[in-house]
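One chain, chain A, appears in both complexes that follow, with chain B as partner in the first and chain C in the second.
After this line comes the complex of A and B, so read on.
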């Protein structure tokens, strides 16, 4: 039986005072009762817009310009507000990306359930408590959470609660909009498992909207691939995985690999064993730069000796938080090292300690002859000539009001004697190094005029502007679409090879760690649990935590429910 | 190395490159123009702008527009409206219409100057307060709170009475002293939230000084807030000036809407049927303050694009 039928649906965004932008173009598909379907696409592909539209949550400036959505035999566009509200039970429900933040902080979880039962009156008054218990049990939470406030639960638990709330409406159709994107890798895996189990047991129809083809292929039986508002491919998971038809799907798939494999290849980046070769295409390095290699080569190691960082207790009566616990390592000049771990493992704190943003509670951090922990203003300035950072979020790392030229000009002017024309020349040279050509055009642009990947290149160029010895890259590619990720990683790798800078690569993504680093340190709860050669550690992990992290990497090939995939 | 790069990397790249500037190429102006267009696109704000423009024109061209000098008391006393004196004359024999037109000068001037000065102080103190941490921030916090808890009007009256005879400068000074603290507080909280953004950390990593970070990185991102706080401060200044003059604390010789009200009250204008004497300056004060408030609706749209999306929600 067809539950949802989308016919020739087009959606446009019509912001006031600017031109209308088409977000979804002529979408046609239908969902059968009990199907679990994935909706995949990169940012801006219109997948979330489509997800919102089929649950009738699309809001201005989005507008359905054409087509119909038939749910259970009724056109949802014609529903009155009260009908719509009533059918939220037993009709369609949605779990949002930030669903964990959509709980009311001053009401207990139990009250949230009570509100829903009261609004729809579909559970007998005497049964409500028991029903709420059943619901949280279904998402694998203890009954005790009903008495807790949302603030007392972790992100993963809150996301489970919001799934349970949606489920308590007994929907026929559930739309999950990036339900695990804001969660930590390990939690993401656990929540996805819950969703999969629930779907199988309750057999509601589910749509999983995600940017991550790996996650989708692991869970769903059928996948719709969207690109620029168009559904480019619609087929069973096994076909998408083994025999993708659309070029776009093939491109997406090519960016997945198993970090445990003997040979890992990504477009533009390949790793054979521990021998690393990269393409020179992405960097656009010119001969004149490589001749300066000797001058620029990093010569000072970063040495951490028994470093601990303990933060004071967040609230009175609680224990102090140990973010980093007795960590020692040496980042040799020119080496690239990965710091991996789930969130809260202390990897970002280590970056803060190295850059002098925080001071260690005990132990020492030294860079060459500088003792980073004791530096004050002028010392920190000197340190930052040599140690630079690449930030995680390219959207917040650039001042929206400054042109690219100004952003790059400042570190050039601050770090050397270059002024005027010479400084401008240097800025253009930096743009050329990171592959933003034609340089004159990019120099004049403002951040909102360039894409996320280009922004991240500007951030990298800024880090290079004062000829640093060390670059600390904090999840440099995690906010980017997969197709851009490889480009940025290739650029970082090229720079390290050609310029001989050392790199500390902080990430939770083991695949990118595998392709750009030689050494790896796995952190868990502030302690180093495993370290060594990257390929060695990832191929033959010893610590259970490392194995757990590796298992959490989404694998298109490791298809879950679709048994027919061998 | 400098030489080398310049000679090697630039064979033919800059045939007619414009003169090199270290500052950003003119975004401040484009931002201003875009901001003005946004304000203009809000109907309420457009009305406010037109209203303000009328008052500014009145103030600037007062000598040309006004039929007589405001201090010319050679006419009959307390005359009703006539062709020669549209609004009649005062108890001292001055032309009311001329006084209203000349009075716009003081109100507009005090509004602009006092508004600018108190915004300037609010920006300087609010932003450095928001950016610094530690002991100094606590000291500023204490001072600002002190100014916030003192009731404004009594303080103004005391100060004005103490500085009697200081004229316009005194009024402006009093208004600024009592009016900057609220703006400083608002700007501080925005500075604090911007301070945590990555691009500020990045600026620190580029070796920027604190001064530059505050005024080149943070300040431009707060333009709309500062504009809003200026219009708010200007409105408050206009009202405060009128209030002080009405209480007889303004300059005795000057003609402003507030002093007109003061004299009208003294001469019991209402009892003699000369309601225009009270009504005209009162309405002008209200309209000028309203125009600035209306402009602020447009400025709201600047800082919060969601307010521009339309009513369809």
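After this line comes the complex of A and C, so read on.
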């Protein structure tokens, strides 16, 4: 039986005072009872807008300009407000993108359930407490969470709570909007497993909205692929995986690979064993830049000797937190090393120790002749000329009020003798290095006028501005769409090879670690559990934690199990 | 509970610091009250050393070292002994302050609280019905009225509602014939006299609360938990009050604490215009007459009231926001 029928649906955004932008164009599809369908697309593809529209949560400036959405035989656009509210029980429910923020911070989890039961009266008063317990049990949480405030729960637990809340409405259709995006890799895997189990047991119809084709193919039996507001492909998961028709789907798929494979290839990047070659089209590097490369070559190693970092207890009466526990390694000049681990494994703390933001509790961090742990103002200034960071979030790493030129001019002026036109020439040169051409145009732009991938290139250019020896890249590509990810990684790899900078690459994404680094260190709870040649470690992992991390990488090729059930 | 204890400890500590500063600051200033009194006398002719001694004795210029003076002062503060007023001699400062305090606290305090409650509710309504006349009317009126200076509003009300229309009395806290007592008739009379000054404060402060609440509420309405609550089909009243407004009010509490703290010291202009016998009016008299003991006691009162108001808001935060309780 058809549960949801979307007919020729178009949605436009009509922000006040500017032109209307189409977000969804002529979408046609229907969902059968009990189906589990994926809705995949990159940011701006209209997938979330569509998800909000079929649960009638779309708000101005979004407006349905054309078409109908028939849910269970009724046109949802024609429902009265009170009918709509009532049918949120037993009708369609939604789990939001950042489940972390979808709980009211001043109400306990138990009160959230109480509010839902009070609103719909579908559970007997005397049964409500027990029902809430059943619901949290279904998402594999202890009953004690009912007395907790959201702020006292971890991100994964909060997302489980919001799934349990949506489930307590006994919906026929559940829309999951990027349910695991903000979560740690290992947690992401566990939450997805819970969602799959629940869907099977409760047999509701489910739509999984995600940017991650890997996650979607692993879980769903049918996939809709969206690009620029158009559903470009709609087919069974196996067909999408093995015989994708749309060019866009093929492009998305090409960005997935198994980090364990003997040969890993990504568009623009190629890996053979541990030998890396970059193709020429990836970066903007050309021979026309007349700076002497040898001058920039890294010559100082970073040496960590038995470094530990212990933070004081977060609350009185608790134990101190050991973020980094007895870690030693050497980053040789010109080398590229990956630090991998789940969140809380201490990888970002190591970056802070190397850049002198934090001081080690014990052990030493040295860069050339500098003992980083003892540096003060002027010493840190010198260190930062040579050690630069590339941050995770390109959206918050740039001051929105400053043009690209101003952003890049500051480090150029602060770190050298260049002034006036010479400094400007250097800024334009930097833009050319990171492939933002035509440079004159990009220099004049403000951060909001350029895309996420371009912003990350500006951040990289900023890191390069003072000719550093070392670049510390903290999850440089994790906020970007897959199609942009490879470009940024290729750029970093090019820079390392052509300019001889050393790179410390911090990531949870083993695939990107595999394609851009030679050495790898796997961290768990502040300790190094495995280290060595990247290809060697990832192909033949020995530590169970490394294996767990590898298993958590979404694999389109693992869509197999979902097929069997079908 | 631990949170309340910790905040109480902090309050006592800051109170002590304020009292101590109040003791040492005047002593670091050049000149002394004796010199001031002698200078005034000297205008009428030469002053003998005996006069100086007499004035010192009359003012009670302290003997003993500074530590003894400090202990004596602390004891005096605890027993509310602030000496004798120059202006209203021979009334004690404590008598004067205690006589003025209730008028200010009841009238200004109550109005501040009422303004906060009404303003917040209107702000919630404005944000919830954004773009309708329920939004534009209070927002525009609020912006307009909160731009009026205090004394100007007071004078307008005084002139129209007091002199021209003769609806309300123009000065004092109660009729000249009534005597302060706890009877219904007297309370009614006092309330009648409080209308104009209260209205002045209400008109000028309401707009700020409406705008503040409306803006934070619009932000919380965009939060995921509000969308999620809607998606779960909660009644719109529950969503508006328990989810959106409940969170939106938190940042405004800080402003409320500041306003409460300003109750004792901040009503000077209004009380002056309406000759309302509160703390502000008393402070005005103390300053114009260089009544040092009275001023010192009033400054201490103002400081203490700010600290107390902050304490109350801190405790309120503890109840309203679980995140601060840690």
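The working rule: the second predicted complex is superposed on the first by the 557 of 566 C-alpha atoms of A that agree within 3 Å, B and C clash if a C-alpha of one lies under 4 Å from a C-alpha of the other, contacts with A are read in each partner's own complex, and residues count from 1 in each chain.
Methods note: a residue touches a chain if its C-beta (ideal position, glycine included) is under 8 Å from a C-beta of that chain, and two chains touch if they have at least 3 such contacts.
Note that this is a predicted model, so its numbers are computed, not measured.
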Which superposed partner A:482 touches (first chain B, second chain C, both, neither): neither
Partner contacting more residues of chain A (chain B vs chain C): B
Touched partner set for A:424, first chain B, second chain C, both or neither: first
Which of chain B and chain C A:86 touches, first, second, both or neither: second
Which superposed partner A:384 touches (first chain B, second chain C, both, neither): first
First, second, both or neither for A:27, with chain B first and chain C second: neither
Partner chain in contact with A:62 - chain B first, chain C second, else both or neither: neither
Touched partner set for A:162, first chain B, second chain C, both or neither: second
A:397 touches, of chain B and chain C: first, second, both or neither? first
Doubly contacted residues of chain A, that is, touched by chain B and again by chain C: none
Contacting residues of chain A [partner chain C, same complex]: 55, 57, 84-89, 93-94, 96-98, 101-107, 115-116, 118-120, 149, 151-152, 162, 165-166, 169, 315
Chain B-touching residues of chain A, taken from the complex the two chains share: 15-17, 59-61, 286, 288, 292, 295, 355, 357, 381, 384-385, 388-389, 391-393, 396-403, 405-406, 409-411, 413-426, 428-429, 432, 439-440, 444, 446, 459, 462-463, 465-466
Partner chain A, residues of chain B touching it in the complex: 1-2, 4-6, 8-10, 13, 17, 20, 22-25, 27, 31, 41, 197-199, 201-208, 217, 220-221, 308-310, 312-313
Of chain C, residues touching chain A in the complex: 223-225, 227-236, 238, 242-243, 246-247, 250, 320-323, 326
